[in-house]
Amino acid sequence: MIAIPHALAAIVLLPLVGFLLNGVFATALGGRRFNNRLASIIGCGFPLAAFALTVNALLTLQAGNFTPLIEPLYRWVTIGDSSFDVAFYFDRLSAIMTLVVTGVGSVIHLYSTGYMHDDKSYGRFFAYLNLFLFFMLLLVLGRSMLVLFVGWEGVGLASYLLIGFWFDDLANARAGKKAFITNRIGDAGFLLGMFLLYRACGTLDMDTINAAFMGSAGGVPMVSASLVGLLLFVGATGKSAQIPLFVWLPDAMAGPTPVSALIHAATMVTAGVYLVVRMSGVYMQAPEASQVMAIVGVATAFFAATIALVQTDIKKVLAYSTVSQLGFMFLALGVGAYGVAIFHVVTHAFFKACLFLGAGSVIHALGGEQDIRKMGGLRTRIPITFWTFVVATAAIAGIPGLAGFFSKDEILWYAFASSRGGSPWLWGVAALTALMTAFYMFRLLWLTFLGPSRMEPEVETHVHESPFSMTGVLLLLAVLSAVGGYFSIPHFLESQVPLPSIVVEREHYERTLLIVSVVMAFAGLALAAVMFGGPATRPERIRQAVLPLHRLLSAKYHVDELYDRLLARPLVWVSEHVLLRGGDRVVLDGLLHGVASLATRAAGLFGRLQTGSLHLYSLFVMAGIVGALVWSWRHG
Amino acid sequence: MGLLALGSAALMLFLRQPMRVALALITTMMALGGIYGLLGVHFIAAFQVLIYVGAVMVFIVYVIMLLDVKEAEGSPRFSSWRVPGVVVVTLLVAVFGVSIWNSGSGALPGGTSAPFSLTQFSAEFLSRYWLVFELTSVFLVAAIVAALAVIKVSRRVDG
Amino acid sequence: MDRVQFLLGLSIALFSLGLLGLIIRRNALVMLMCMELMLNGVNLSLVTFSQRHADAGGAVLVFLVFIVATAEIALAIPIVLLLVKHTRSMDIGRYTDLKG
Amino acid sequence: MGESLVLNLLLWLPVVGTVLLLAMRGNASRARVITLGVMLLQLIMAAWLYARFDSSATGLQFATYLPWIPQWGVSYLIGMDGFNILLVALTAFLGPLVVLGAHRSIDKDVTLFHAMVLLLQFAMMGAFVAQDLFLFYLFWEAMLIPMFLIIGIWGGSRRIYATVKFFLYTAFGSILMLAALIYLVQSLAQTGGITSFAFADLYRARLPLPAQTILLGAFALSFAIKVPMVPLHTWLPDAHVEAPTAGSVILAGVLLKMGTYGFMKLGFPLFPDAARVFTPALMTLAVISIVHGACLALVQTDIKKIIAYSSISHLGYVMLGLLSLELVGIQGAIIQMVSHGLVAAGLFLLVGMIYERCHTRELSAYGGLARLLPVFSVFFMVFTLASVGLPTTSGFTGEFLALLGAFTAAWPLHVAGQSYPLILASVAVLGVILGALYMLRFALTFLFGAVNAPHQPLHDLSLRERGILGALVIAIFALGLFPEGAMAKTENAARAYRGLVTTSRLPQPPVPQEINRGDPVP
Amino acid sequence: MPGEDALIAMLPEHFLLIGIVLLIVLEVLNLRVRAALWVAVVAVSAAAGAALSFGQLGYAPPAPFLGLFSVTPAIFMAKGALLALAVPVLLMSRSEFKDGEFSILLLSSLYGMCLLPSSDSFLVMFIGLELLSVPVYALVLLAFRRPQSAEAAFKYLVLSGAASATFLMGVSLLYGATGSMNVETFAQVLSAGDAMSRAATVLIVVALFLKAAIVPFHAWAPDAYEGASVPVTAYMATLIKGAVLLAAVRVFGVANVSGPVADLLLVLPLVSIVWGNLAAIRQNSFRRMIAYSSIAHAGYLFYAFLGAGGSRQSAVVFYVVAYSVVNLLAFAVVPEHARDDERDNLQHFRGLYRRDPLAAGLIGIAMLSLAGLPPFPGFVAKFLVFRNVFAAGHTTYAVLGLIGSYIGIYFYLRVLVLMFMSADDAVSAGRPASRLSRMAGVLCIGATVLLSIMPGWVIARF
């Protein structure tokens, strides 16, 4: 370990430098080939450097037996006696997150060098990716909520840009816009929560706030923790695609696959989880908020899983599974098992990244084909992808021994037994979801790799295994998702975010539940095997059997249409007809023009009075004199 | 005498022929002159007769004769504003009448005063008011120039 | 009512009649004469007061009025002549080119 | 004192420039050069003054005082303080950009145009640095005339309607303001015994509440028209749409700030008690402006109108911050003023550049410009995000602080059981969603999708244009990332403002008798 | 010794008189008429110079003509200012009037004007008024370029005659009530209760309104202005109005308005402000528009009487000067046109800026100043007047008046719009005004600048 001044700042800023360099080269310099190589060097070099620094920082942390490193960078503003600093905060939690971000981030960059190899705006892609890393690191390393918020919005921007990366197709750009707007809705809540905290604590430094709420620093702030918690949670739902703001994530698959892997599976979408854990001090005082969080989480997990059952787009399936997994994490948060949530974040980062990249590799192999009904039989054609995919699938399905198994099992357990609002109901739903997860994942595996080939012939002709830059990454991630579970993060974090105590009379269920969840996993596997392993007509028959349900699911519960009808259209209609036509044009301008025409009419009247007849004029004079006299007479 | 003046003045408004109107006006002026005479300001009376009847009216009469064009045929005598005009004027007279009545004889001690003679007056005029006298001359000059100018214009218009 | 009031009333009557003449008579010359009538009315009151106050000022003003009246007529007549030259009519009611 | 001399130079330089222009008429290019020179010189001076400005000192700096109409207590009193320093800097900063921006778009009556721009610059500077009410009013009104001509001569097809509307609308406000200020000075003379128009003296005027209310009403009307606040805003879209690019830039960049500046410098501090009466109403209007402007921007089909309505929305935040009477909010409002000046100016310049190329303002006529004009699109994206208020841009600094101020001010009231302000603040926060909505809609149809634009092929931004926008971008990020320096300069002013508005100035009993509005007539 | 005093006290008038005599001689011998103009100019400027310098020196002779005529420095200043304003009128007359009568008539009219502010007796004031207006009847149709001139002259003559009669009636009633011709008596009886003096004051005020064209006694003004030639219109719109207002100031003295006439002074000016500004909106003749604007401005001028008596004269004089300067400025540069009635047709102002930038610029400035917009003198003048009104406590009327003035802005803008923003359809584009008129315009713009830069200094002089 080496002592580096401003190490944390360096970690954050390196990707920014990458972004700037690449941005300049990508836009200004047009030299294609040279440009691409340079872009990949810059684009991958800086994240890797950041990763190295992170490891180094972690060692430093360890050396200082885990007293948080605080590294002020500069003062943003001072107003009166309150000031907003830009400072970085490095403790166990942010250490883990940073490692994931930089680590997974770097490998995905490497992967992209292969995946995006012949895209015409290669440099721009890496610029955006670096930009994303910069903001993400800002998010996880920021000490003040303000800095966190900067990152928070920044990653939103990056995701907006990357989703709409292929903007020639308006649909992609639309998806990007949708993501941004939806996140903005969450951010509004976030802002309100932040204001509330500032009003209550007079600062936005999260460690201070937590301390204040834990009562360790004088009196507990005069504000309902649950209100703050809920407002922040609104922000989290936006970023982490929870009900009701999850709608953007599936559309976000419009972006290039590495983006889906990095942003919409591994890192950004878990920012919400990170936020909640970071503010755990507040949430521990906010049982109601936690309750809401748990319910929303489990509901999200369940619904997303049901939708995932019937998706036919390989990336859509993964997207909904991501939503579902995020639901699990929030369930964990809801029952106060913060460490566990982070645990799942990490494992999920591994296997979901692996899955997405695998999917990417498949798409790459099939020249852009994403519909799993047009796949199958790829096992032999692209073996590395297949095997890594198998491992990851097994992991997410919760097959014992793999990473997913540990994290998910702990979540289920705390959902059942946590003294912070754990309940059999939560567990039941979650378990059922786990079953579904196993099922749809294996369904995906089956339809993609096993069984007979359903590919278009001309696609089939040049199916090829991806280059090493991609497969290597797949292998690495597969390994991680296999062994990632053996490092028990919850206990690593325990000193910082203690695990909730267990309800005594439920303790002895642990063994049973363990068994049940294992059974669930294999049941899912079996179900998929039965369904898709057999004759091809069977799935069809089952589909016919539950047609209405199937339709509802494949229509994603019509949520998008609902929002469109309830929010988007009314807003536009009111603006157009009521405010613009009615308000501005008719009422306001109408009033104005009315007055104007009144004046001109009066002018016309006066003009007509001026007939040019001297007699009339004399009459005026006469009348004037009389009037004046009468008036004065009356007056005197 | 006063009634005569009033009557003929009223007559002015109703006579059609400008000439007769002129005659009526002359009558009025004569009557006024008489009144001045009775009031004892004889020189004013004299001026009244001399300047007005002697100069102004003669001039007007001359002009009337000069362009006594066929005004006779039925061009309307009155403007379309006679009714309101009459109304308003009666009002005016009424107001004035009341105010005068109110002002009462108290304000104006009716009675004796030295009816000043021509010599007195001219002495006053040329001593205290000589400036006015001067200014009058200036005014006359200006007036003459103006009149000449107008006549010149009309001549220019002719040819 | 005493004589002063009577004369005053008379003068005002003349004044008003003159003004009325301006309003209702169409013939230009008649209108001019009506102006003269107004001035005469004023004169009457002036003389009355001057005599009442035994002060020459009023008389001087009367004197001025004479002159002014003369001048105005001397100026007005040619103007009337001009008017008549253009439209062969003395009817002021017809001179309404300038209006609006 | 050197600085005050420089300040005077800074103020009068444009007039000199105008005289020069008119002296040597014709020759467009020379006119451009002279004007640009003047503007740059002014910018340098402004920068120097900015540097010299002592942020720790309170009150006026670089002041000049000359009695002007002594019998009325009118004086030529100008100076810099925390209130105007940033705005002066902004005005000076935008000046050269405006001239450069108009380089190609203005081709007829070039000399007159530049003369007008210079005069406008003069008037705006004057209005900012004036510390005497009479002087202020003079400049305030004088601004109208060049703007009237700029819109009316070089504007679009409905320019005359637009410019007359603009003029009459604004003049109406100022007439009432005139009445109010005369009355104010009179009553000051009768109670305080001093006849003076100097702000410093007027801040000491003690008026009974009814008088204050009416006077503030008059002032507020004229300021609210200038801001503009709903429902007095309908002149703005027309003016913006018809004005030439330079006109729009000045209008959005500086002119609109006059209204908020007026509120901050005059309206509220002069009549603190009435200000308290007005606050709920104005706050409501501010929030309505935010929402209304955003909603209308959402449905516009004319790209200039989108930005125009967005201005209405953004200035709503300024008002909100000013009304919060929280230091944070006030500072935020000031920054938001500047920020909006930069962002709106940038957007209008961009629109102008595209208009020069394609000659249409119909949004539907465009698409996929990101392919066609990459550099243009990058700039456009940056300004869009700044307008959305994305962190690290100045827009965020302003909005965030203003909203924070509004919220922190509203919360204790809510706790005290009066939640209306809190609701307003929350609605305002929701405004950020709408902001993203309309700007991204704009960017979406404008930049992305299938390539579509009239008069292709289009050449991307020239070096001149890149320079203009680059300068703005730098400023935007500087203000977004390191606002500390700027805000230090305004801090004392913000305190002074809060102090003035929060201390009541009702006359001590017995109430003096001079409040007879109306007349001896029974 | 009184002789000298008399001589010096009336020095400006004497200069004018000398000028008149010289001009008449020139006419009679009909020498080269070119000289005539310059003689007039010299005479007028000499008179103005004398008056101004006396005023500056603060020269005040002990009442040279007892109870008839007196001067104070302030009065000298006022005379001087108005006389100075006559110079541009003379200059711009050249193009219309080739021979000397114009100058003679103008000078004699000016002579009358000079009498007004320093008349102590109604005798002198009456002569002054007549001397002021009688030559103008002739002037109106002097440049007989259109038959309507005669009509205009006749209307003006008759109504102005009626005004004189009314004035006299008032005077005589006053005389009857007080037994004195002294001007001061008016101020004394202002608040007196008895019917006769009340009627007297009302009549006198009405007569002044008639001469100054206040609604409803305004009807003659538009017709007369339109019928007259441009320089004469300019003269009537500015100096005559100013002179009448000076007479009014003299009549009211320093007394605060009270009693019956107070209402008149409150209501009728307000009415004429609104009326004039509204009626002007639709006009198509520049002169007619100015006429209506002058009606409105007469309203502002009489507003000045509401203020405290002491501030009255300076306010009125300053307003008259500020208002006249820009009016003359506008008239001086109106382009020439073959047909007089076409000359000021506003439609010919379309795109004037392209044809004649100077004219357009100056007219534009004039319009803005008339509209009372800063930084032009019109604003300071308006401010001064309304300040006094506010100070006198007539807040409501002040506000109403200001709003009325706001209405006016529109038609002034309309002129700008025509000149600068309308396409130059060069149909019947007149030729630019003569060099002399432009010179007059330049003089006026100089004065305008002075007035805008140092109004305080100027006001202090009046």
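Letters A, B, C, D and E mark the chains in the order given here, with residues in each chain numbered from 1 onward.
We adopt the following convention: a contact is a pair of C-beta atoms (placed from the backbone, for glycine too) under 8 Å apart; a residue touches a chain by one contact, two chains touch by 3 or more.
All of these numbers come straight from a predicted model, not from anything done at the bench.
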Third chains touching both subunit E and subunit B: A, C
Pair of chains whose C-beta contact count is the highest in the structure: B-C
Centroid-based (C-alpha) most distant chain relative to subunit D: B
Chain whose Cα mean lies nearest the overall Cα mean: D
Chain at maximum distance from subunit E, centres defined as averaged CA atoms: A
Whole-Å separation of chain centres (CA-atom averages), subunit A against subunit E: 78
Mean-CA-position distance for subunit E and subunit D (Å): 42
For subunit B paired with subunit D, centre-to-centre distance based on mean C-alpha positions, whole Å: 69
Subunit B and subunit C: spacing of chain centres that average the CA atoms, whole Å: 5
Touching two or more other chains - residues of subunit C: 8, 12, 18-20, 22-24, 26, 31-32, 48, 50, 52-53, 57, 60, 64, 68, 71, 75, 79-80, 82, 92-93, 95, 97-100
Multi-chain contact residues (two or more partners), subunit E: 123, 127, 130, 134, 137-138, 141, 144, 154-155, 158, 162, 176, 195, 198-199, 222-223, 263, 282, 410
Per-residue overlap in subunit B, given as positions that touch at least 2 other chains: 79-81, 85, 88-89, 92, 95-96, 98-100, 103, 108, 128-129, 132, 136, 139, 143, 146-147, 150, 153, 157
Touching pairs - complete list by chain label: A-B, A-C, A-D, A-E, B-C, B-E, C-E, D-E
Of all residues in subunit A, those that touch subunit B in their complex: 613, 615-616, 619, 622-623, 625-626, 629-630, 633
Residue ranges of subunit E touching subunit D (in the complex, touch as defined): 262-263, 266, 353, 357, 368, 373-375, 379-380, 383, 386-387, 390-391, 393-399, 402-403, 405-406, 409-410, 413, 416-417, 420-421, 454-456, 459-460
Residues of subunit B that touch subunit E when the two form their complex: 95-96, 98-100, 102-103, 107-108, 128-129, 131-132, 135-136, 138-139, 141-143, 145-150, 152-153, 156-157
Residues of subunit E defined as touching subunit A within the complex: 154-155, 158-159, 162, 166, 193, 195, 198-199, 201-203, 205-206, 209-210, 216-217, 219-220, 222-223, 259-261, 263-264, 275, 278-282, 407, 410
Subunit A residues within the subunit E interface of the complex: 599-600, 602-604, 606-607, 610, 612, 614, 616-618, 620-621, 623-625, 628-629, 631-633, 635-636
